[in-house]
Amino acid sequence: MALLEVSNLDVRFALRQGEVRALRDVSFTLDRGERLGIVGESGAGKSVAAFTLLNLIAKPGYIADGSIRFEGNDLARMSARELRRVRGNRISMIFQDPMMTLNPVLSIGEQMVESLKAHRRISTREARAIALHKLKQVYIPSPETRLDQYPHELSGGMRQRIIIAIALLLDPDIIVADEPTTALDVTIQAEIMTLLRELCEKHNVGLVLITHDLGVVSQMTQRTLVMYAGRVIEQGPTREIINDAQHPYTQGLLNALPQMTTPGSRLNQIPGSMPSLANTPSGCAFHPRCQYRYDASGQPRRDCLEEVPEFVTSGNCDVACHMVRDMLAKEAS
Amino acid sequence: MNAVAAQASPVTTSQNHAEAESLLEIRGMYKHFPLADGFLEQLHFEKGRLVRRNEQVHAINGVDLTVRRGEALCVVGESGCGKSTVARLVMGLLSPSAGEIRYDGQRIDNMRGKRLLPYRQRMQMIFQNPYASLNPRMTIQQTLEEPLRFHHPDWTTPQVQDKVDDVMASVGIDPEWGKRFGHEFSGGQRQRIAIARALAVDPEFIVADEPISALDVSIQAQVLNLLMDAQAERHLTYLFITHDLAVVEHFGTRVAVMYLGTVCELADTRSLFARPKHPYTQALLSAIPRLEDDRPEHVRLSGEVPTPVHLPSGCVFHGRCPHAMERCRQEVPQLIVTDDGNQVACHAVEEGRI
Amino acid sequence: MTTTTATTPSRWKRFRNSYLVYSFKRDWIAQFCLAIFLCILLGAVCAPWLAPMNPYDLTQINILNSELPPIWVDGADALFPLGTDAQGRDLLSTILYGARVSLIIGFGAVMLQALIGVTVGLLAGYLGGRIDAFLMRLADIQLSFSTLMVAIIVGALIKAVFGGAVYSDYAVWLLVLIIGLAEWPQYARTVRASVLAERSKEYVDAARVMGYRDRRVMFRHILPNTLSPIFVISTVQIANAIISEAALSFLGLGMPETQPSLGSLIKSGFDYLQSGSWWITLIPGAVLVVLVLVVNLLGDWLRDVMNPRLYKG
C-alpha cells in the first residue's frame, strides 16, 4: 500500500458568484521516499492540492468528495485533534513565503523548540539539541548563534533553509513544498533544491513538490503530475513526461520554453490563457487552446467539446486526452 | 561627485568604434539611496555620544553601458544587483548620483520638463507587474488614448481613434476591450495592453523591466513573441532587464551580467553562454534548472549576496568567489576587453588563472 | 480635473453589479442605518414643509406654551407631539430645523476639510522631501490645537472685529470654517498614506515615463485611486463634525439659541433638566446620538467593503 493515497478528490469554494470547483477528481499516490512533482500554471489548482493534502482548506473552501489516505487513515475525515498529530509531525509543509511559517517575534530556537515539545515529551535542552542538529543538516553556518536570532535578521535563502530544518524537525514521512524557491534567486534556488533533494534521499522522506517550473521538476522528482483547470491531465515518470509528453498541454508547455527553440526565432506559444475556475470550458478544459481539437475534415471534434476525457495509459504515463486515446486505439488495431 | 565620475573605466576608449551606432550611452553612473530619510533617523547613539550617520545603499557603482541601435541588450543579475535601477535611471524615473546618460548623443540625465518631452516619445518602458502597471480607474481606451492626446494635441478624434485601433491590432487586442477596465483581464492580456500603451507613441527604444517574470510559462512565450515581432516590424532597440537566463539566451543580442551594482561581464549572447568567463556568470549559468539532466552539477557559491550598504572592498564578488585571492580583496577589477572582443571585470581572468 | 472622455455606457449597470451593492444587500445593519439616515436627512431637508411651525418665526411662538411635555406624558398638548421648549417653540419643528443646521455644518465642514486635506495630502505624498516634511509638520501643529481652541480664537476674533450680531448672522458658515480648519489633518494624513502607496505602483511610473506633468499625474492618475479611503474617512468625519458642532454649541461657542442646532437645543434645555423638563434636552440628544451612530455604522460598513484586507484580519 502506498504511503499516501489521494483518490477522487473534489474541492470546492462557495463564493458569492456561486460554487467554484478548484479540484476535480484528483487522484494520485505517493510511496515512501518518493519525490512527486505537481506542475501547473497559476489557476491550475496546484496550490489548492497542496493545502488539501494537509486538510488545510479553510472556508469558504471545503472537500466535497474523495479521500486522502495517509497510512490508511483518511485525513479528509479526521478530527482536528487527530489532524494535529499528523500535521507537522508526519507530514510537514514548506510554503513559498518563509514568513508564513516563521513567527517574527520569536527567535528561531524558540520556534523550533516549541514545535518539538508540542509533539514529543522532551525537555527544552533535548529539544534545543535536536534543533541544533537539524540546523547543521541544512548547512547553516554557525548554527548556535542562529538559534537565538530572529527571522528578520536572516536573508531569504537562510530563512528558507531554516524552514527546511523546521520541516525536518520531527522526522516526517512526507514534506509538501509549495513553490519553495519562487521568491529566491537562481543561485540560491539551485542550492536549496539540491539540499532538499539530498535530505529527502538521505532520510527516505517523501516529497510533494508544487511548482510551475518544469526545469525544477525535471531535476527534483521521479514522478510528475500535470494539472490544468483543477484536473490532473497527465501523470507518470518525470523523465518520460519531459522527454515524451503525450498531452497537448504538456507538450505546449515544454515547447514554449525558450531553450526549445533556436535563439532569436519565434517561440512556440500556446494561444489563449488558463480559464478561470469559475468558468471552465465544457468537455476537455483545454480544448479552446488545443491545436488537435479539429478532426481530419477540419471540423471541431465533438468529444473534446462535450466529454471530459478519461485517463488512458500510454507507456508508463496516464493521459487524459481524446486525441491520445484515439491514437492508442489505432495503434492497437 | 567629480572624483567619482573621473574613475570611469578605461574601457571607454576601446568602445569608440561602437559609438557610431550607439543609441544610448551610460558613462560612469553611480546611484546611492540614503538609508535613513529624515535628519532624526540619521542620529545614532554610539559610545555615549550622539552621532549623525548617513548610511547609503550603493545601488549602482560605476556602470558603463552602451546600447547599440537595433540590438536587444539584456541586463541580468539577481535581486539587489541594481538592474532595475539602471532601467529607472535611463528612463529618468530616478536621477543618477554621478555619471551621465546620453541618448543619440544628447545628454538627457539633466533634462527636465518640456525639453525632455521629445525623448519621452522616443523612449518608452514596459514594467514587470501587469497587475500594477495599468491605472485601475481607467478603461483600456482611455489608457491608450491619453498618451496620444498628450503628445499630439493637434490630432483630431478620428486620427487618435485610428492610431488606437492600429496599435491594438498590432499587439493582438480585441477592439471590443476598449470599454473595459484593466482588472477584467488576465496577466498576459494586461501585459499586451501595457505594451500597446508603450508602442502607441511610436518609440524607437524600449526599456523592458522584467516584462515576463510575473507571467505563466505559456503566456511568457506569447509576450516574448510579441516583443520580438514588434522589434522586427518597428526596428526597435531594447534594454531588457531580466533574471531569467533562458530568456536572455533566446532574446538578447548582447548580455551584461550585473552583481552588486557593477557590470562584471559584458558579451554577445552566444559567446557568453558558450564560454562564460567571470566566475559569477559561470555560477549563474550552471544554476539554471535544465530539462535534460536530472542530477545537475552546479557551481556552488559560498555565502549570499552581501547588502549594498557596506560594499566589500576590492572585487564585490570576492566573498563568494572560488578563485578569490589577496588582490581580489583589495583592488577593484576594471572591465577589460578579452580576445573575442567581450568585456570582463575579473583579476583571475586577467591573470589567466581561469 | 480632466473630464472623462471615453464612453462608459453601462455605469449604472456596473454599479448595480458591484461588490458595494452586493454587500449592502446582505448587510441588514447597513440597510437599517441608511434608512434611518435618509429619514433624518429627508426630515431636515424638508423641514420647512414638514415642520408644524417655524421656530425662526417669532410670531408663531407663544411663551404661554413653554415647557409642555411630549404627548405620552400627562399635561401634554396634542399640537406639540414632542412638547415645547422654554421659549414655547414646538420641539419637533425645532429638532427638524436643528438637524438641518447640524447636517449643513457637518457636510460643509467635511467638504472644506476634504478640500484642504486632500490637496495637502496629495502634494505631500507625491512631491515628498521638504515639501512633505513641511506640510505634515503643519498638520501636526494643527492637530495639536483642539477644535475648541480654534473655535474660541476665531469666534473671539470675529466677535471683536465685526460684533456679535454679524457673528450670529454668519454662525453656520463660521462653524463650517472652524471645524473645517480644525480637522483637515485627518484627511491630509489618510490621503498622503494612500498616495505614497499608489505612487510606488507602476502605473504612476508609466504615466511619468509618458512625460505627463506632475499635476496631471497627481489629479488624473493618483487621486481617483485614493477615493476609497477618502470616502471612508468622510463618513467618520461627518459624524465627528456633527459632534464637534454640538459640543461647541453646547459650550455657547456655536449656534445662537435663535437658530437652534441640535447642540444648542440640548444646551438650551439643560438648564431646565433639574426642573423636570427633561424632554428639551433628552429628545434632541437622542436624535443626535442616533444620527452620529448611524453615520458611524455606515462608515464602518463602507470601510469593511472598500478595504478587503481589513476584512480578513
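Letters are used for the chains, namely A, B and C, taken in the order the chains are written, and counting of residues starts over at 1 for each.
As a convention for this text, a contact is a pair of C-beta atoms (placed from the backbone, for glycine too) under 8 Å apart; a residue touches a chain by one contact, two chains touch by 3 or more.
Here the structure is a predicted model, which means the values were calculated and not measured.
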Where centres are the averaged C-alpha coordinates, which chain has the largest centre distance to chain C?
A
When B-C and A-B are ranked by contacting C-beta pairs, first comes A-B
How far is the middle of chain A from the middle of chain C, if each middle is the mean of its Cα atoms, in Å?
53
Find the geometric centre of each of chain B and chain C from their Cα atoms only, then give the gap between the two centres in Å, rounded to an integer.
50
Provide the C-alpha centroid distance between chain A and chain B, rounded to the nearest whole angstrom.
33
Given the complex with chain B, which residues does chain C contribute to the contact?
4-9, 133, 201-203, 205-213, 216, 221, 224-225
Sites on chain A touched by chain B in the complex
41-42, 155, 157-158, 185-191, 193-194, 212-216, 218-219, 238-239, 242, 252-254, 256-259, 261, 263-264, 266-271, 273-274
What residues on chain B touch chain C, complex-wise?
38, 88, 91-93, 113, 116-117, 120-121, 123-125, 127-129, 132-137, 139, 141-142, 145-147, 150-151, 178-179, 194, 197, 201
If you look only at chain B, which of its residues touch chain A in the complex?
78-79, 186-189, 216-222, 224-225, 228-229, 243, 245-247, 249-251, 269-270, 283-284, 286-296, 298, 300-301, 304-305
